[in-house]
Amino acid sequence: MNALAIAVDNAPWQRRWRRFRRNRTALSGLYVLVALIVFSLAAAPLEALLGIDANNADLLSRFDGRSATNWLGHDELGRDVLIRLMYGGQVSLGVGIAATLLGAVIGISIGLAAGYFGGNLDALLMRFTDGIIALPLLPLLIVLAAIDLTKLGFSADFARSSAASFYRIVLIIALIDWTRIARLVRASTLSIREREFVLAARVSGAGTVRILLRSVLPNVIAPIIVACSQVLGSVILFEAVLSFLGFGIAPPTPSWGNMLNNAQELVATAPMLAIYPGLLIFITVIAVNFIGDGLQDAFDPRAE
Amino acid sequence: MTALLSVKDLTISFPVGRVNLFTGHRRAIHAVQDVSFDIASGETLALVGESGCGKTTAGRAIAGLYKAPKGAISFRGQDILDLPRASRRTVRRAIQMIFQDPFSSLDPRMTVSEILSDPLKVNGIGNAQEIRERVQDLIGQVGLPADTLNRHPHEFSGGQRQRIAIARALAPEPQIVVADEPLSALDVSVQSQVLNLLGALKRQRGLSYLFISHDLAAVHHIADRVAVMYLGRLVEIAGRDALFAAPRHPYTQGLLAAVPRIGHRRRRRSLIEGDLPGPLAIPSGCGFHPRCPLAKDICRRERPELKSHAGDRAHLAACHFAGEAL
Amino acid sequence: MVDGVSYTIARGRTLGVVGESGCGKSMTALALLGLVPKPAHVTGRIVVSGQNLSGIAAGKWPEIRGKRIAMVFQEPMTALNPGMCVGDQIGEVLHLHESLGWKEARERAVEELRLVGIPSPAERAKSYPHQLSGGMRQRVVIAMALACRPDVLIADEPTTALDVTIQAQILELMQRLQDEIGMAVQFISHNLAVVSEIADEVIVMYAGQVVERASAEELFSKPLHPYTQGLIATMPMIDNRQEQLAVIPGVVPHLDGNHKGCRFAGRCHKADSECRALVPALITVEPAHEVACHKARP
Amino acid sequence: MFFLRRLLGMAIVLLAMSFVVYGLIGLMPGDPIDLMVMSNPGITAADADRLRALYSLDEPLVTRYGHWLIAALQGDFGFSRVYAQPVLDIIGPALWQTTKLVALTLVISSILATALGILSALRPGGKIDTLVSFISFAGISLPSFWLALILILTFAVWLGWLPASGMGRPGEEGFLGNARFLILPVTTLVIANIGGVTRYARSALIETLRMDFIRTARAKGAREPRVVLRHGVPNALSSVITVIGMNFGTLFSGALITETMFAQRGLGKTIYDAILGNDYNLALVALLFATFATLIGNLLADLACAWLDPRISVI
């Protein structure tokens, strides 16, 4: 191995972090998001602590108010609202992050290929991406979510399992959320490709793979992070609306979206059941969007 | 004397716009057309012309940055456009390039040491120890201290960065360096430092340069021979002194007259009227005729050949009237 | 950033301002238009035809800009509004300052285009900037600047973005227009040769200060400041080729507030302890030749 | 040329879309023949097979799609299973309902968003900018179905000012009476839509105001309002319109949600109900119409851009 000492340049990341920290809304977004993650992960411990089972339907305590062990009261099936909100957070955030990462993998591959190789491949891939962006995506997602997995050869047990509904929603959201990442990666790649240091690497004899991994990718990491943070918010909203419409996470597994589904018909009798999950979605998404906006400013190449 | 590098009928075109729905073709602009020249060992050939004349494109093609240009480029008699994959890298090593903008030509994420060792690693030159020594040697040769190596490009000024870029070009031990406007992004007070460095390296290493520039004073300083391009074609090529003293093509004459010089106040300097035509509207016949003060009918109809006039075999010009008394 | 810069330009004369990037020459120009970007601020006096412009209310500046003092910028590609036809852009100045109606203003705009040598000006007036070549666009910018016959024209690197043959055309155009209109011109450039050709008087700036000032002939034949001498010596000359070029060692310093002594001392071969301790004043050493150097006293 | 190419592009998208959705529908739960068998116990297995052959359901996907496409190109989009009507008879009024909703939203939100964007861009970081930023982020981050729920709760359940759902009966209360049914849906959709466009208008204008020609305008002696309104805004507007155009798909997705929440029979709700009710042919055709409408919206936005920005040529 060529063991030349590689000094990692931390300076740009430190500068970006400093700029990010100066942005108060972004920083509070970050605190809120961390708090929400902690809140979600605390579900099982709190459940054990209070000695209740949030999945246990108890029709006798339907709509019961707050008590020492049920801090936010009971839902229409007599389950504990708070613990279900916490578990729902795990699902909503989990779907959001997983679908964003999967979408990022697709988007980065397509964006890099289109941007670096250019020409007809670029034209084709970008026409495809723009085509997808222009489509009315929600109905399309509903069609995808309504697919009967048994017709694709999966066992009926798996198709009905909550794991299947999780994987399915991650996959179908990833199928449509990569477009923004792809466009951004393409644009950055296109400008990096024409930068003279990439030309210099080619003149010195470096091959395509080496150039992509060593010269191009490290220089498009920043826009990728920004794009992902901006996509995450819309992914969480997509999960919520699909679950709400009954095409996402299948009950009884709670997600903030499907908790609202039940609450909708009861909005006049038990409005709080509708208010809590929606408020959590709103707070999560706005925190994520504030972070995304802060990252964009912090990573702005003009500020470097 | 056999040429070290020989370029014959080099033509490079780029497709523009969209595919025509009916013919399936795209329009092409010819950035470089039928350009031929030789560079001898240890010689500096300057390629001059205004923006869009194709000089940078020609230089990049010689450095191997375009796939399959038309024509032939041979190095020591070997055609380098048609090399088997295996030997491409070893032959290509001999031609390196310096770019215009030292703020864009160095990867901001690498240390100077990585920037200089990368070309060595890619070409499989030396083990770790040898690479380290080579890199230290290189940075010394371009006049920078050894502690430069652990730092990043953003810590240096334009002139220092251009020195680093020169060291990188020298790393694979090239015989020809294509220098594409190496001065134009630098402050006036450091341009001469870089010009002197290029001159010294040439003498020490017997390098040849293809020096691409629009700055005729710098060209006059560094070049042995000068080739003038206009709209993608060579219009004149000659030894430096012959070209500057007695330019034969009216475009070269206009170009030289337009160069501002210290101490020449309020003289008539623009012999050439009008603007450069767009790349999609290249005029018929001699491409220069719409701006040429000498243009006659024949210039609109026939394209003049690049050939020698009035005895000087090393002085070629592409003008119907280049042989006439000036 | 810019510090203690003083100069005067007579009507019909051209002052060349020479210096490298970051020396403050463009900032000086923006100060004359009241356009210095925040958080910088301007102190000192600006007087045009006897009227003192320093300290006038911010709301009065628009009446000065384009009417008394006009400016030509470096990049003709970006200096024009891409969404407005060039006739309207020139007409706008006349509309603003001479209270012409739009119709009249458009007609005058065509005349201005003719004045700057644009062929078939009536049709060109309807063109958008992207339909014109770089040289044509710079002519439009000049026409816009001169439409109200200002007292002072500031040209900030007006030919730097242009090719040599176009540069020659624009320089000739500017000289012809100066002869016809008689405005004073402040011509800013990093290119000594261009300045030597067009300027009557020249000031040389280094790191925000004027280091030398003289008539163009005097300055280029008998430079007194080591920086000016160095700049001229480093230039390759077609008329006088030398194997080895002179160099100015080092780089332009980054300015911080508490710099002591002559700002060029770090790169100057004549510098001694006096230069590093004391800021040299700009003093007249010969008739009409001022220099700010401890070592250049007669 | 431009038009030809765009129309060709639209045709390709619609064709690809119809094929993909047609294929996906085959994977949906329930089989049309099974559904018939379920509703009519008298059908035997042999009858079912005959029916399958009658409806060509035993043929490969591509063949079946080909038949459907040929019929569709002749204007025959088939029948709705649930409504037992030609799908076009159902889609027509639904499309009109959605168009009303979307057009109102588009006009209101574009004007509001552009105005807010300009106000923000005048003093980036100032008080107005901070407020507008917060409002836009809130708009982007609100789940619109929840917003609808909250609006229903507030204005219909608690205050009782506006109807919670439905679209009014034609002729009963006149136009204004019917318009009352549109207030909450349009409000929901405007709030959901306005944030993104405002953010974009703001950054486009800030970007424009940094350009050299803005400095030129100031150097000419133009005063600040003129600089912004005459030189800044027109140059920022074309990119704002591009974004509005690209948002048509999102807007339609929003329409699906609001129509469902407020029980308005628009195109979105028609698709949703059709999928829930296994009325797949209706879902397919309605989705194609929705796509077609979105593409037309895109095209109109591009034409508006070309009209505004002389650098973009349509020919």
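A, B, C and D label the chains in the order they appear, each numbered from 1.
As a working rule, a contact is a pair of C-beta atoms (placed from the backbone, for glycine too) under 8 Å apart; a residue touches a chain by one contact, two chains touch by 3 or more.
Here the structure is a predicted model, which is why all the values come from computation and not from measurement.
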Third chains touching both chain D and chain B
A, C
Which chain has its C-alpha centroid at the greatest distance from the C-alpha centroid of chain B?
D
Between chain A and chain C, the Cα-mean centres are separated in Å by 54
Distance in whole angstrom between the CA centres of chain C and chain D is 54
Whole-Å distance, C-alpha centre of chain A to that of chain B, is 50
Length of the line joining the C-alpha centres of chain B and chain C, rounded to whole Å
32
Set of chain B residues in contact with two or more other chains
none
Residues of chain C that touch two or more other chains: which are they?
none
Can you list the chain D residues in contact with two or more other chains?
none
Touching residues of chain B toward chain A in the complex: what are they?
60, 63-65, 89, 92-93, 95-97, 99-101, 104-109, 111, 113-114, 117-119, 121-123, 127-128, 131-132, 150, 152, 165, 168-169, 171-172
In the complex with chain B, residue positions of chain C that touch it:
20-21, 133-136, 163-169, 171-172, 175, 190-194, 196-198, 216-217, 220-221, 230-232, 234-239, 241-249, 251-252
What part of chain B is in contact with chain C in the complex they form?
50-51, 157, 159-160, 187-193, 195-196, 199, 214, 216-218, 220-222, 244, 254-270, 272-273, 275-276
Per the touch rule, the chain D residues reaching chain A in their complex are 9, 13, 16-17, 21, 24-30, 133, 137-138, 140-146, 149-150, 152-153, 157, 246, 248-250, 252-254, 256-257, 260, 268, 271-272, 275-276, 283, 287, 290-291, 294-295, 298
For chain A, which residues are in contact with chain B within the complex?
1-7, 9, 11-12, 195-197, 199-207, 210, 214-215, 218-219
